[in-house]
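Next come two complexes built around subunit A: one with subunit B, the other with subunit C.
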Partner chain A sequence: MESPLFLPVLATCRLLLAWVHFPVPDGLLIDHQLTSPLTSYFRLKEGLWLYHHGVDPYVGGILKHSPLFLSLFSTVPLGRVAWALSDIVGAWALVRIWRSRQQLGQSRRDGLVGTAYLLNPYLLLPSLASSTSTFENAAVLLTLMFAAEGRPSLALLALALSTHLSLTTLLLVVPVLMLLATSPTSQLASPRLFGESYWKVLRYASEFVVYWFVLVCAASIMAGGVWNWMRESWGASLILPDLTPNPGFWWYFFTEMFDHFRPFFLMVFSTHLVIYVMPVCIKFQHDALYAAFLLLGILGAFKPYLTLADPGLFLSMFAVFPEIYPYLRHAIVTALLHAHASLLLPLFHALWVIEGRGNANFYYAASLVMGIAGGAGIVDACFAGMRIAVGSVPEAERGKWEVIQE
Partner chain B sequence: MHWGGALFTLCLSASLAASYTNNVPSAISGERYNEDLFIRPLLDGRVATTFTFTTDLLEDVLRDSESSGQHYTLFPLTLGQILEEYSIAELHLTLNSGKWDYDHWGYPDDPSVGTGAELWAWMADGPSSTIDERWTGLRNALAGLFCASLGSLDMRRTSSPSTVFPISSSPSTPHALRYANLPSENVCTENLTPFVKLLPCKSRAGLATLLNPQRIFDADWHGLNIHLRSTEKGTELKLGVQAVFDPVRLSGGRRRDWSFRLLFDRVIHNSCSVAGSSVVRVQVPDGESHALSPTFVADDSAAAVYNLITQVPLDVSMSWPYEHTFQYPRVHQSRLVPLSVQRTLHGSSQIHGLLFIALTNNGQNDIVVGYFENLPALVTLWMHTMEIKVDGVKRDDLISNVTYHPHHVLANGQKSPSTFQATLTIPAASTLHLSMEVSRAFLKYTEHPPDAMRGWDLPPAILFPVCDPTMGICNMRNTSTDVRGRMYTPSLLIDLPTPDFSMPYNVIIFTCTLITLIFGSIFNLLTRSWVIVRVED
Partner chain C sequence: MHWLQHLPRHCLFLLACLAAWTLAISQDEPVANFFGKHNGTSGHTNNWAVLVCASRYWFNYRHMANALGMYRTVKRLGIPDSNIILMLADDVACNARNKFPGSVYAKSGRHLDLYGENIEVDYRGYEVTVENFIRLLTGRVDPSVPRSKRLLTDDRSNIFVYMTGHGGNEFLKFQDNEEISAFDIADAFEQMWQKKRYNEIFFMIDTCQANTMYSQFYSPNILATGSSEIGENSYSHENDNDVGVSVIDSYTHFVLEYMEGINKTSQVSMQDLFSSYDPVKIRSHPGVRSDLFQRPLEGALVTDFFGGVSQAEIFPVIEEDADTTLQYITRVSFPDQVVHSDPVSPQAYHDQGVDMTKSNAPALTPEKDNMMLDVRWKDIRKWTSITIVGFLVGWVSFVR
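Right after this comes the complex of A and B.
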């Protein structure tokens, strides 16, 4: 794993997996754990069919992808190799993030960081299921990579792209702007106030808005209108028109919701996502990369249309922050909760809709376990990221002093 | 000589016509009423009966309320008011129960045999109220008139497939079509009672005497239909009842002999005096030793004809005296239609499946036929998975003119149905397999019906004759091996994945608790300050 050849070999293996006709079960493409209506390649293919047959693909609630995906897939015949390449780009970006955090040209830990992305089952399985979340994750990592390396234009363009592909990524705008203004190196142990000029941040923000508008215009030209695709693709994250099950909280809550409370709770759930941005960014103003990491954790637990790729990105990013490991309080419990959830989810899903022996509550219970696992991860990362600043109690003093929050 | 011959023919036809008609004037102030019962013994021992009650209004337009006070003599006033109110040019309503077996029963005498309720109307395009408002008013009015749940034929089930249901006349003003079907609607006595009230003699005289609800609704297949169309002469209203009886079942599984008494438990005692003609026609099976009583008057094209006006009381009976026990014919020898259709849903999962249509051409010529699906938003067709195969070989050349309209979201948040229409060519003596993947919707718990576990009925698909635009006619209609009229596949039952209906409060409580737990923990961590405390011994 420490050999410089390890990562290229792993990447080649990933490419080979796409190249050889590895028998992917048919059900994988429509598996509710791995693909959601927003990321399903099956729906994208249907959208392409409609587009080629002169029907507006954004009419029937079938296609919820960005028009950019539609134009990409209608011009370039992309196969499974595209997903493999996207995985490799993501892993490469994660390694580059790690390197710029350590201010190193190359390190012995590169292999481990790359492996954490390429061999994470939460990321590999959606990629094999041709979920477009693979591209979304790669775009997020590229954003963080360019921001960490101090390349504002590229970073802001990548940020505009990732928010375009998935609206909820808007949570990352503030930490990415802060990261552009500060350094990516680990400042967790030495918290200080955000000392950079706010004008600089504001300038980056306006540049981001310009890129964002350009992408919106491109997508609107592509889709032949503004409102249809926005309502179907971004609106889906806000009003949840499709109640397909997924490992997240939203679908069953709004399946069972009383009709007259639906708009209220939709507002509450959307606001709940945004409410974490400022507190996390203020508390971790000294380390914007860590704030972005925590917000990815929030998305990985509370996002509408959650798939396993979302918590997967958060879990893989743990590899970039080895300094917090000694301060994690319940890493084993979190890992076991994830193991528990990832076994229960497919099992109870099959029991409910395929076998017909269980009912929806089984799957809901499994999704609650998934939610607890996601929450445990964020809480632990949040604790460890602050605890590190207080420092460790020397060995000889253990038992006499305790670090707590009052 | 020439003139004499013509005069002779004229006298003969006049006397023949007079023998059919009553002494009552054939048209009462521009209205005419005829009734007809066609009985067809089927190969499998069943008997298909088709009642047709035709009222002609010999005027160009329906009478409006100002000019004549909407006074009708024979035409049903309640229906006339509805048609006038909503500017209906053509209206077809059918309420059927059962599955029409084309292979063994042949084409029905009235082509509208789709399971459940089916309503389509051509409405004049133009008046201030929009088409959709009038459509809503029309189906609510008809629901009230026929005591049927036609109000459920709302925009979630309404489409406008004008090539499948063409307008019969060619009007000068633009017209618009609305079509909806509801396969779960059952036809019952409560629909027959208001139906009979629309007839001039009700069920007291004439053929309508035979409409005994206890027998009609006991039949293997039964249905009511109302067809109203504009013709050159005026407006034609056809009220019909179709039923397929099984005398073999009624006789305890032995004989296929039938009579009015056996089928309807009634005989006709008197004729309807306002009827211009009142005829019972019985199709005589050829080459079989059957006996028909009483003796019939006229015989046209292999049908025995009884004139009700001269022959009452009447109890027609048909028997096969030399047949001790009825033998069911072998299935394969008796395909009565050139095209056999099967439509099934494959797959055991409640989320995804395969819609599979098998069309078998029984003849020796290629058949070109249109295919139409009108699917509510409970299922989504995945068009990119469509496959056409003949003998396991992909044949994409056999499908043409594919039009597909996915669901779209209506103003009230409901979804309109998706429609799929295509022209299929079925090669001679082979089976064409059309398959598409479908996925089933996840509904909110309030959208499920009270008996959610029963499942939902999917409307039948429709096969319709295709008109060749270059020839200007439905070219295949003339050949004997063609699809004569619309054909309906059986409806399908699908079970959607259901949520737990007792859980709303629990889900709200569990989910909110969990979110609050995580939210609270994070904000607890973020807001409290760190201290180092000395641990007391």
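Right after this comes the complex of A and C.
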């Protein structure tokens, strides 16, 4: 794993996995844990077919992807190679994030970080299922990579792209702007105030808005209209038209929601995502990369159309922060909860949908376990990130006092 | 003198020509008649029958036999079971008093069993109610009602509605329990007209004072006939001594007898049917109401209502060419482009009497151009958006 050839070999293996036509079982492609209506391969194919036959693909609620996917896959052939390349790009971005955090050119741990991304089953399986969450994750990691390497324009462009692909990534705008203003190196142990100029941040923000606007124009030209694709792709996260079961919280709630209360609860659930931004960013204003990491964890538990790829990104990013490992209090509990949830989810899904012996409550209970697993990870990471600032208890004081909560 | 020798031969030849010519002319007559009768064609494409026996109990055997006789006739003349709604109390065939269980006869002598093994009763027993009848006609049925119990007619359906039972002045008794009035049926038919649920209705009713039942109709395209005038009874025709009750009603008996002489290819008109009514034999005065009926009765065939016969129409052959083929392709692959005129459809020809010329041909060529333009526009959009994104990425990467 320390050899410099390890990562290229791993990347080649991933490419080979795509090239060799081993039969991916259809069950994987439609699995509700791995794909959601926003990321489903079949919907993308259907949208492409409709587009090629001159029908507006956004009429009818089938296609919820961004029009940029349509334009990409109208030119590039739709194949597993695209997903493999996206995976490799994501892994490479994660390694670069690690390197810029450590301010090292090359380290022995690179292989481990790359492996944490490429071999994470939460990320590998959706990629094999051709879920477009792979592209979304890659875009997010590219954003963080460019921001960590101090290349503001590219970072803001990548952020605009990732926000365009998935609306909920808007949560990351604040930490990325902060990261651009500060440095990616680990400041967890020495918190300080965010002393940078707010004008710089505002300039970056306006640049982001410009890039975002250009992408919106490109997408609107592709889709032949402005509101059709916005309503379908971004509106899906806000209005939740499709209640396909997924490992997240939202669908079950809204299946039994009276129409009268729907707007209110949609607002509550969306606000629930937004309220984490400022507290996390204020508390971790000294280490914006860690704030971004925590917000990815929040997204990985509370997103509207959750798939396994979202907690997967959060878990893979743990590899970039080895300094918190000694301070994680219940890492094994989190790991076991994840193992528990990842076994129960497909089991109860099959029991409910395929066999008909269970019902939605079984599956929702398993997704609640997944939520607890995600929550446990976030809470632990949050605590460890703050605990590291307190430092280790000196020998003399060991029996006398103990840090419980900050 | 040589032409005198050939004279017999010439004469014979001339005679043969003359005979052929007159024969040809006389062939024209039935041919012209055949197509002539279609000049006032009803324009229906499917036939339905609603046969209602509104009585129950053993002593109303004849009403059951009336309805079953009509059922057999319309089936024989071509209306399929799927298009027949038969409403019977159906308590006669398996009645404890029936000496011939599982059989219903309409003539003494019991030669023809109307019940048999191949009948399909749609509404039986207590389902034969006024509400169900009106719901059936108007189409306002509960979503749980199966297809076989629905009247799935459209605006090109000819419907034969036959009702029999005990009735009086503008009412008909249903199952000894409730009654339907002439106004109810008239309103139901009007609803059907408003909802375009029929092309023409032929309403036949065999009860006491039957002609009052059609007196209140006010919707177009309804031809009605009944068995007796106001103040008159309709009588049963005959008893069978072994069955023990009257087996058929007089009016229906004579109509069915008339129908036995009709087959699917018959060109007999409704006027012929009505002319065959003999008040002396029927022992009541059957009536006809044709003021709401648009066509002349001589032009309306009996099989227009009693049979499931389609009309054949001849129109000039259009040669298929690239334009019509392209039009078809355009319609199939670009459904959002509406192609308004369809010169190939016989319906269009029938409805509008349009000349089968290529008056629509110039409209087809712009469609072809539009299709190409749409494909180009799609490609333009795709490449524009890709170029924009590409420029943005390139500019940001290298310039900034």
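Note that the second predicted complex is superposed on the first by the 400 of 406 C-alpha atoms of A that agree within 3 Å, B and C clash if a C-alpha of one lies under 4 Å from a C-alpha of the other, contacts with A are read in each partner's own complex, and residues count from 1 in each chain.
The rule is short, and it goes like this: contacts are C-beta pairs under 8 Å (C-beta built on N, C-alpha and C of every residue); 3 or more make two chains touch, one makes a residue touch a chain.
Bear in mind the structure is a predicted one, so any value in this text is a computation, not a measurement.
On the superposed subunit A, the positions of subunit B and subunit C overlap enough to count as a clash.
Shared-chain residue A:K400: touches subunit B; no touch with subunit C.
In the overlay built on the shared chain, the residue A:T12 is in contact with neither subunit B nor subunit C. By the touch criterion defined above, A:P67 reaches subunit C but does not reach subunit B. Of the two partner chains placed by the overlay, neither subunit B nor subunit C lies in contact with A:S3. Between subunit B and subunit C, more residues of subunit A are touched by B. Once the two complexes are overlaid on the shared chain, A:T185 sits clear of subunit B and of subunit C alike.
In the superposed pair of complexes, A:G224 makes contact with subunit C only, with no contact to subunit B. Once the two complexes are laid over each other on the shared chain, residue contacts for A:V353 go to subunit B alone; subunit C is not touched.
When the shared chain is aligned, no partner comes close enough to touch A:S206: not subunit B, not subunit C.
In the superposition on chain A, no contact is made by A:S392 with either subunit B or subunit C.
Subunit C is struck by only one stretch of subunit B after the chain A overlay, and of the options 26-34, 422-430 or 476-484 that stretch is 26-34.
Within subunit A, the residues touched by subunit B in the first complex and by subunit C in the second are 53, 55.
Residues of subunit B touching subunit A in their complex: 348-352, 380, 382-384, 402, 404-409, 415, 418, 439, 442-446, 497-500, 503-504, 507-508, 510-511, 514-515, 517-519, 521-535. Within the complex formed with subunit C, the subunit A residues making contact are 51-55, 67-68, 70-72, 74-75, 153-154, 157, 211, 214-215, 217-219, 221-222, 224.
Remark: subunit A residues 27, 30, 32, 42, 45-46, 48-50, 53, 55, 59-62, 241-245, 249, 251-259, 272, 275-276, 279-280, 283, 301-302, 352-354, 356, 359-361, 364, 368, 371-372, 374-375, 378-379, 382-383, 386-387, 389-390, 399-406 touch subunit B in the complex. Those residues of subunit C that touch subunit A in the shared complex are 333-336, 374-375, 378, 381-382, 384-386, 388-389, 392-393, 396-397, 400.
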